[in-house]
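Read through the structures below before going on.
Two complexes follow with chain A in common, the first pairing it with chain B and the second with chain C.
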Partner chain A sequence: MPEPRSNGDVRIGVYVCYCGGNISDVVDCEQVAAALRTLPNVVVARTDMSMCSDAGQALIETDILEHGINRVVVGACAPSLHERTFRNTIARAGLDAGLNPYLYHHVGLREQVSWVHQGNPQKATEKAIRLMMAGIAKARMLEPLEPTVLDAEQHALVIGGGVAGLRAAWDIARRGIRVTLIEKSPFLGGHMAQLETTFPAGEDARAALGDLIDQVVAHPLVTVHTRAELTGVSGYVGNFQAQITQQSRGVSQGFTHFAEAAEVCPVEVPDEFDYGMTTRKAIYRAYPGAYPDLPAIDWAHCDACGKCLSVNGTGLDLENKPATFDLNVGAFVVATGFRPYEPRRGEYGYDEHPEVITLPQMIRLLALAGDGPDLLWNGRTVKNVALIHCVGSREIPGVHEPQPDGQVNDYCSRVCCTATLHLATELRERYPHLNIFDIHEDIRTYGRGHEDIYTEAAANRVGFLRFHGDERPDVLPAPDGDSSPLLVRVKDYLTWGEELDVPADLVVLATGILPSPVDDIISLLKISAGTDRFLLEVHPKLQPVETAVPGVVLAGTAQGPMNIQEASAAASAAAAKVAVLLGQGSVKLEPFVARVNHALCDGSGECVAVCAYEDAITLQTVSDNGQTAQKAVVTPANCVGCGVCVSACPNHAIDVQGWTLAQYDAMLDALAAPLPVLESAT
Partner chain B sequence: MATASEDMKILILATLSGGYAGADAVGQLHASYAPNTYILPVVCPAMFPEDFYLRVFERGIDAVLVMYSGTDCPYKGGAERTAQLINKVYPLMTERGIDTRRLRLVAICTVCTSAFMREVAQMNQTLAEIGPVRNELAAAVAAQASLSSDEVGQP
Partner chain C sequence: MTVKNVHVDVLVVGGGIAGMQSALDLADQGYRVALVEKEPSIGGKMIMLSKVFPTLDCCSCITTPKMSAVAHHDNIELLTYCDVQAIGDRPGGGFVIDVVQKPRYVDIDTCTGCRQCEYVCPIDLPSQFDRELGAVRAIRVPFSTAVPQKAFLDIDNCILCGKCQQACPVEAIDFAQQPETFTVEAGAIILATGFELTPAGAKAEYGAGELLNVVDALVMERLLAPTGPYGHVLRPSDGKEPDSIAYVQCAGSRDKTLGVEYCSRVCCMYAIKQAMLLSGALPLADITIYYMDIRTFGKGHEQFYQNAKAMGIEFVKGKVARITEDEDKNPVVRVELIEDGSKVVERAHDLVVLSVGMLPGYNPKSLYGVPVADDGFAAIPAPNIRPSVTPKPGIFVTGAAAGPMDIVDSIVLAGAAAAEAAAYLEEVRTPSPQRAAIEEAVHA
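Then we have the complex of A and B:
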C-alpha cells in the first residue's frame, strides 16, 4: 500500500454529512464546515447530503487526488456504521494516491449530537464544531498503521461436543478447514441427548442429534476426542499451541461383552443421564446409540475389582492412563454449554419432599415411564401435577436467597417457559385424566411457533395461575386426609390476588440454565465472563460471537441461555467467523496494539506485571546503537490493545497505536479551546 | 450558590464496548440530554494514567464521566485496573483543591440508556452546585501564592 504522499505536511480533508437531514435538521452543517475551514492543516471542509453515498465518497477521493489530502475526518452517523466504509474509501482513492486507511477519524454527529439535542440547534452546532475540532486534532497526529498479518493454521479446535460444538465443527469442516473436537465426557451429544422431543415441531431429539453426530464423525476433516480437555494454551491467533489431556476410556475396540460386564460390576451409582433417578454401573454407556459406540469406565467410581475382566477381559484396561498431546490450531470455538440449575434443599420443597423434582428430571421420567395409562411416581398414581416456573431464574437481589457462591440469578433462562408448556402438552396427550397446573410469574414463549405451544396448552385444559416475583409460591405438605401429599400455596393474580392451595402429587420445578463451570478455560484462553458467569462477547450486536481475544469465538449456551435452534444458529455464526479468519491461510489483525518507545523504556517491567495476556508484552534484551538493555517488547498477535500497560508505564514509553495519549491530549485541547471566530460573525 | 451548568463542559470517556454504544443507543431513542457533553471513544479507560485526569481539569473541563463496561469489560483485568486508577486520582484532586465529585466512574452497557441519561443529569446537577473547575484551580493558585508570600515574609 502506498504511503501518504506527504507525511510531514499534514493536509486534512473535513467532511460534514447532512445525513439526508438527520444531522442538518438540527446542526447547521454549513456553519460547522465554515468554522473548521479556519483551522490549521484543514485544506478542505465540505458538506454533503450523504457522505456514505457513492457521490459522497467520490468527493473524498477527488480531494485526495486533486488537493493532496492525506488525513480525512468525517462527521456523520455512528462510527460503528460507516467508519470502515470511509477507511476503504481513502484506501482506494486512486492507485497512486490511496491513503493508509488508518489516516482517518470518524466523529459521530447523528446519534450523539443531532438526535439528542433537537431542542437546541445552536448548542448542537457548537458541540458538533468542538467534536470535529477534537477529531481534527487527533487527525493531525495520526500515523499510517499496518495490520498484523500472520500465517494461519487451517485447523480449529472446538471445545464441547454438545449440539453447538457439533454444529460448529460440521460447518467449519464443510468449508474445508480441519477441525478437532474435544468433549470432556465419554460421549457426544450433551444435554440434547437427554431430550425425547424438541419444540416447537416435536421432532425426535436423539434422531436429529444422531444425524448430526453421524455427519460430524464421518467427515474426513473432523477428528473427535472424547474424555479430552484443554489443559494448556500458548501462541496467538492463527498459531495457537493447544495442549489436550485425555483420560483413558478403559474400553477399546474389540470389547463385545458390555451387558455381561455391567451385570457383574458391583458398583452402582446414580445415573447422571437420568438426573439421579436411575442408577448405572461403573462400566456404562450414556444411552443406547451413544457415540462412540463403546462403553466407558467411570474412573471416579470403579474400584478395579476386576469382575468385568472375569467375564471377558478382551479390550478392557482398568488402569486410567491419561495422555497428553499438542495441537497446532488457528482458532478456538468455545462450546462448553450449560448445566441445569439445581435447587437448594428446601427451595420449593426440593430435596425435602420426594414429590418435588426438576423439569429435566420430569423429561427423563416421561422417557422412562413406558406406555401405561397412568403416570406413576414412587409407586403412586399421579393425578395432580404442578409446574412452577422461574426456579433459579429472575431472582431478585435482596428478596431471594443467593446461591452458595453468592450469585443471585437475576436473568431469564428463556427456554424454560416453552419447555414447560411443551411438557404440559405432552402430559395432557399421554395422560388425559391428569390435572395440570401451570404456576408462573410470566410466560415468555418468545420464539417462532412457541406461542402456539402456549395456546395449545391453554386449549388442553392446563390451569394457569400467576404469582408475583417477590411472592413466590410455597410447597407444603398437604393436611392429613388429603388425597395428594403436597399442596402449592400461591397468591394468584389471575384471580386478583386470591390465595389458592393447589393439590400436587408431583411438583415440577422449571429450573433455569447456568453456564458450565469453565474457569479453567476462561483462564487458559484469557476470555471473560459476565456477572451472570456466562462467557462474554465483544459486543452483543456488532461482534456477537467474538471474544476480545482474536481467534477465540463462542458458540451456544456457554454465552447465555438459548434453545437448540438458537444454539445451532450461534454455532453456525461462530463457524462462519472461523472460516473467514482461517480460510485464506493468513489472518489480518487490526493494528490497534501496544507499541513501546525504546528510547523511553527503562525495562522496569511494570507493563509486563499488569498485562493479563500471556506473552503480549515481555522484557527482552534489545540492542540499540551498540548497547544492549532490557526493554519491553510487544508481540502484536497476543496484544488486544486494552492499554492497561500504558497507564502502568512510569516513563510514558507505551501507547496503543491509533489511540495514543498524545492524541487524547490533543483532543482535550481542542475541546477546551474557544470556538473559531467566523468571518461572517466579525 | 447554584450556577448554570450549561456553559460548563463534561467530558465523557466512553468504552466502545459499553458507554459509547450506550450513547449511540440514547441517540437512537431520540432522547434528549444536555449538550455540554463531549463523548470521546476509548477502548478501555485502564489506559489513562492518573495525571491524565488532572490535565483534563487543568484545561478547564469541569467534569469527567468515565463510562466503562464494568464487569462486562471484555478485556481481562481492565475494569479492576480502571477502578484502581480512578481511586488514585481522587486524593490527587483533593490535593489540588478540585472537588472529587467532578470525576465519576460508572458502568454503562450498550443499552443502558436510562443510566446514561441519569448520569449526565446528575453530573450537571453537581456542576450547578459546585460551579466551574477554574474557580477551584484559581483558589488553589491563590492559596499557594499566599502560602509562598507568608513563607517569604517570615523572619
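Then we have the complex of A and C:
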C-alpha cells in the first residue's frame, strides 16, 4: 500500500552498496544506513551486496513505486562506473511514478573511502556517513533536468590507415554510415604491409591487407585522404568540426612514368619501409601494389631539381601546397597505431655492431634475401642467429635505463614472442643448417594456434635459453679467432643459471611496441594516455574502446600492444560503438551545463571573457517586458559545464545545472555538521 | 509463460559475458535481438567469479549491470532455460530456429522471486554454482543476482511433496508444465557458447579429482567471492584455514597427454589475481605458483604480475609432475626446481589449486553447420582480418567459443561480432556488388 505523499514532498531513498565486499570489508555499511535513516526526508535507507545488480536495482524501483521515493542517493563505486546505471533505473521506475533520471546523486564510497582507508574501518565508516550526508543534502535540492537532444552527423572520421583504421572504416560504412579515413603517410596499410606472412596460419600479409583495402576504397560511403592530418577540432559528439590539413602528393592521376622518374631522381634516402636497410628515391611508392596506385614526392628530401620532370613532366608538380579543409563529423575513431621500439645506441650492441638488428628489420631482410641456400648479412654467411626477447618491453624501473623521455617500458608487448618464433620457423625452413638460439624471459605464445608455433620451433632444433628480467644478456664482440663476430653472454636458467656464450653472426632484437607519437591528437581531442603512454579507455570491461570524451573511440594498437587479429576485433568493436552513437541520427547531451538567471545578470560579460569554449556563452540582446538589455546566453551544446563562468560572475547569476552553488553550500554544511547519533548496526 | 514465435534481426546463443555484450551492442544500435540461454539465468561463468583482473573490480559490479541492461532492454527478447533444437534456412535469407522452452515448473510471469518455495523445500542438493561446496534446494532462484529473479524446479531431484506449492503466495508453481517449442526467425546468428573447464578428474598424476585438498581455480573463485559458500577461505578436508597454498599452472593446458596442446590464456592472470586476493584474506599464508612460463600479456597485466612478486608471492619455474597426499591429507607436490639445480623435490602444502584450462563448451557443427578446428573451437577462416566470422554465412562467433580468451578480449570480440552481424544484415537488405566478392573471399 503506497504511503500518502503530497506534491513537493522530498522523499529520499538512500542505498549503501557492499560492492561485493569492496566497500563492506572496510566500511560498516549497516551502520551507515542506520545513521542515515535518522535524517530528515530520508524515507528508506537500505544496503545490498551489489546495488547495481538487477535485484539491487529492483529495490530502488520498488521503493519508488511503493514508498513514493522521489530522490535517490546511492553510495557505491565511482560515479563513472554506475551513475548512469542508476539513472536508468529510476527513469525506468519513473514510467509509473514520474521520476526524472536526474533526481539522483551518486556517492563514491569505494574509491573515496574503502579503497583508501583500509587500515581504519571506524573512521572510514564515519567518512562514508559524512559523504552520504552531503549527498542527501544535495538530493534535497535536486531538480528535474532534461538532456539536450541534437541531430547527429552520420559521418565518422577515422584517423589512421593501418589495419585497425581500415577495419573500423569498413565496418562503419557497411553499417550505412559515411566515413572519411585520413592517413598521415602517402600510402594505406600501416605496419601490416611490412610483413610477408602473418601468424598463426602463415597467410600472405599484403594479400590479406590488399583485399581489405580494396573493400574499403571501393565502398561508396568511404572517402580516403592520404597525407592528411587532423589539425583542428571543435564541437561536440554528433557534431564535431574537424579541420584536416593535407600535403600535396606532387604526383597526379595519370602519371605513368614512375620507374623512369625514380631512375633519374638523384636523391637517395633510407627506405623506412625496409627500416633503413635499403634506400629509395625522393619520388617513391611504399611497396609495389601500395594504395593509392600513384607514387608520392617526399617533400622532406626532394630538392626540386626537376630531373624527374624531364622524363615526362605531365602529372608532376614539385611544389608542396598544403591545403586545409573542414569536415562535419559525428564521431572520431583514433587508429593511430604503434611504432617499434628503437634500441638505444649500445643497447645489446645495437648501432655499434652491424650484426645487431631488430625483429622488424629481420623480417624485411628475409623478404629481400632471395632464394639462395645461405642467409647473407654484411657479406658473410650467417651460421648462428641469436634471437633476444623483450627488448624495450618488461623493463624494470631502477634496473633498466630509462629512455630519453624518462619512460621505462614495464609492459609486455604481447606480439613479439609469437612473432619471433614465427620467424624462427621460417628461418629453419629456408636455412636448414642455421643454428638458431632463442633467448627469452618467458615464452608467451598465448593466442589461438600460437603454442603450435612454439612446439614446432622446439621440435625444429631451435635452442632455448632463459634469462631473468634483472639479468638480461649482453652482446659482446667475440674474441679473435672465433668464427662468429659476436657472442651473446646469457645466464641461462634452463641450465641452472650457468653463464653461457652463444656465438652469433646475427643478433635479432625482438623489439617491443610503442604508441605512435600522437600528442597533437591527444590535445586536439582532449583524450588521455595512460602511464604506459598508450591511449586510455574508460574502463577495460565496461567501456573498453571508448575514451572519456563522448564521440571519440579507440581502435587497435593506439590503445595498447595487440596482434593483427586483436586490432581487427578492437576496430570492429569501435565501429559498433560508432554505429550506436550515430546510427539513430541524434545524440543526447547531458544537461550539466551553465544556466543564467537573467534577473541577476547585468551583462558585464566577465563570463564570456573567461570561457574557454567557443560560443558556449555569449552576450545577446534580450528583451523582457519591453526592455532590452545585454544578457549572457548559454548554448548548451557548446558548454561543457566546467563552471568557470560561475566563479567569474560578479552577480552570482550563473549556475551549472545539477551542481548549483546552493547545492554545494548545502553539501558543505552537511559535511561540517555533527554526525547523527549512531544506532548500533542491526 | 506464454510461448510465442519471435521475429528478430539477430539470435545470440549464450548469455555469458560475450553473448550479453553482443546483444547489447546490437540492441543499442536499434536491432532486435533474441538472447537464448540454456540455464535458468544469464550471467555465464563470469557471474561465478570473485574479483576480476587486472583492476580487481568486484565481478558483480561488471556483470550484474550488464545482466540487468539485457533484461530491461526494449530491443532484447530474453529466452532463458531454452535449448536450440533445430535450425533451418529462411526463404529469402536468414534462419528459422526451433527453440525448446524447458519447463521451470514455475510460471515465470507470476513468480515474484520471493523464495518462499526455496525456504520450505526439503531437498538439499550440492550447489553447482558454488562448485559443490554449498547446498541448494530442488526449487530455487538460481543464485542471488540471477536474471531473471525467478524460481525453477529441478524436477529430477524433486519428491513432489508439494510444500512449495503450498508456500507460494502467488500460485506460480505448476508441476504439469511441459516443454514447449517455438520458433525464432532471425537474419543472423551469433554463437557465444563459451567454454568448459578441464574436468577435475582429467589428470591421474594430479590425483584424478580424488584428493580433497586439491581444488580447481573456480572452486577458489567461489571461496574468495563475497557471495561464496563459507565467507572464508577454508580447505575442504577439515575446514582449516590454509597456511600454505600452491597453484599448479597449465593443469589442463599445454598438455599433450590431455589432448590440449594450446595455452588457455587466462590461467596465469587468474592465478596471480587469486594469489593477491588470498594475500589479503589470509595475510600470513605462503602462496607459491608453479609455472612453465608466466604469460601476463594483456594491458596492465605485466605490471600486475610484478606487483604480485613484490607482495611476496613465490613464483617457481617447474611443471608439477605429480600430486599425492600425506597422512594429514596435505597435498604433496612433486616438482623439478628448474632454476635451483633442477632438483626434484616433494613439497607439502595445505591446499593446492589447479589452474585448469578452457575447453570448448559446445560443438556447433551438427546444429549450426559451423565446423570446428583441431582445437575443438569454432573454425575461423580469416582470423586476422575477420576474427568473428565462421565459414557459415550469417553465423558469427564470439567469446570463448572462438578460443580461450579473457573477459576483456571477449567483450571486445563481442563488439566485433555485433559489427559483423549488423553489416551482414545491412548488406542483405541492400545488396552491394562487393558482397558476393566478400563472401567468396571469406568462405572459399
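In this section, the second predicted complex is superposed on the first by the 442 of 682 C-alpha atoms of A that agree within 3 Å, B and C clash if a C-alpha of one lies under 4 Å from a C-alpha of the other, contacts with A are read in each partner's own complex, and residues count from 1 in each chain.
Everything below uses one rule, namely that a residue touches a chain if its C-beta (ideal position, glycine included) is under 8 Å from a C-beta of that chain, and two chains touch if they have at least 3 such contacts.
Quick caveat, the model's predicted, so the values are computed rather than measured.
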Inquiry  = Which partner chains sit in contact with A:Arg206 here, chain B, chain C, both or neither? Use first/second/both/neither.
reply    = neither
Ask   = Touching A:Lys541 in the superposition: chain B (first), chain C (second), both, neither?
value = both
Inquiry  = Just to be sure I read the superposition right, which of the two partners does A:Ala672 touch: chain B = first, chain C = second, or both, or neither?
reply    = first
Message = Tell me the contact category for A:Arg175 with respect to chain B and chain C: first, second, both or neither.
response = second
Task = Please work out whether A:Arg472 is in contact with chain B alone, chain C alone, both, or neither, and reply first, second, both or neither.
result = neither
Request  = For A:Ser53, decide between first (touching chain B), second (touching chain C), both and neither.
outcome  = second
Message = According to the stated criteria, A:Arg280 is in contact with first (chain B), second (chain C), both, or neither; which is it?
response = neither
Message = Which partner chains sit in contact with A:Gly447 here, chain B, chain C, both or neither? Use first/second/both/neither.
response = second
Query = Looking at chain A, does chain B or chain C touch a larger number of its residues?
reply = C
Query = If you lay the two complexes on top of each other, which residues of chain A touch chain B in one and chain C in the other?
reply = 539-542
Ask   = Hey, which residues of chain A end up touching chain C in the complex?
value = 18-22, 24, 49-50, 52-58, 77, 81-82, 85, 88, 92, 163, 167, 171, 174-176, 198, 200-201, 203, 208-209, 211-212, 215, 218-220, 394, 396, 410-412, 414, 442-452, 455, 493-494, 496-497, 532, 534, 539-542, 544-545, 559-561, 563-566, 568-577, 579-580, 583-584
Ask   = Which residues of chain A touch chain B in the complex?
value = 78-80, 108, 110-113, 115-120, 123-124, 126-127, 130-131, 134, 526-528, 530-531, 536-542, 547-548, 592, 610, 612-613, 640-644, 646-647, 652, 656, 659, 661, 664-665, 667-669, 671-672
Query = Touching chain A in the complex: which residues of chain B?
reply = 6, 9, 11, 16-17, 21, 23-28, 30-33, 35-44, 46-50, 52, 55-56, 59-61, 71-78, 81, 85, 110
Message = For a test of understanding, state which residues of chain C touch chain A in their complex under the given definition.
response = 25, 28-30, 50-52, 54-55, 57-62, 64-65, 67-69, 71-72, 113, 144-145, 147-149, 225-227, 254, 261-263, 265, 293-303, 306, 317, 338-342, 375, 377, 382-388, 402-404, 407-409, 411-420, 422-423, 426-427, 430, 432, 434, 438, 441
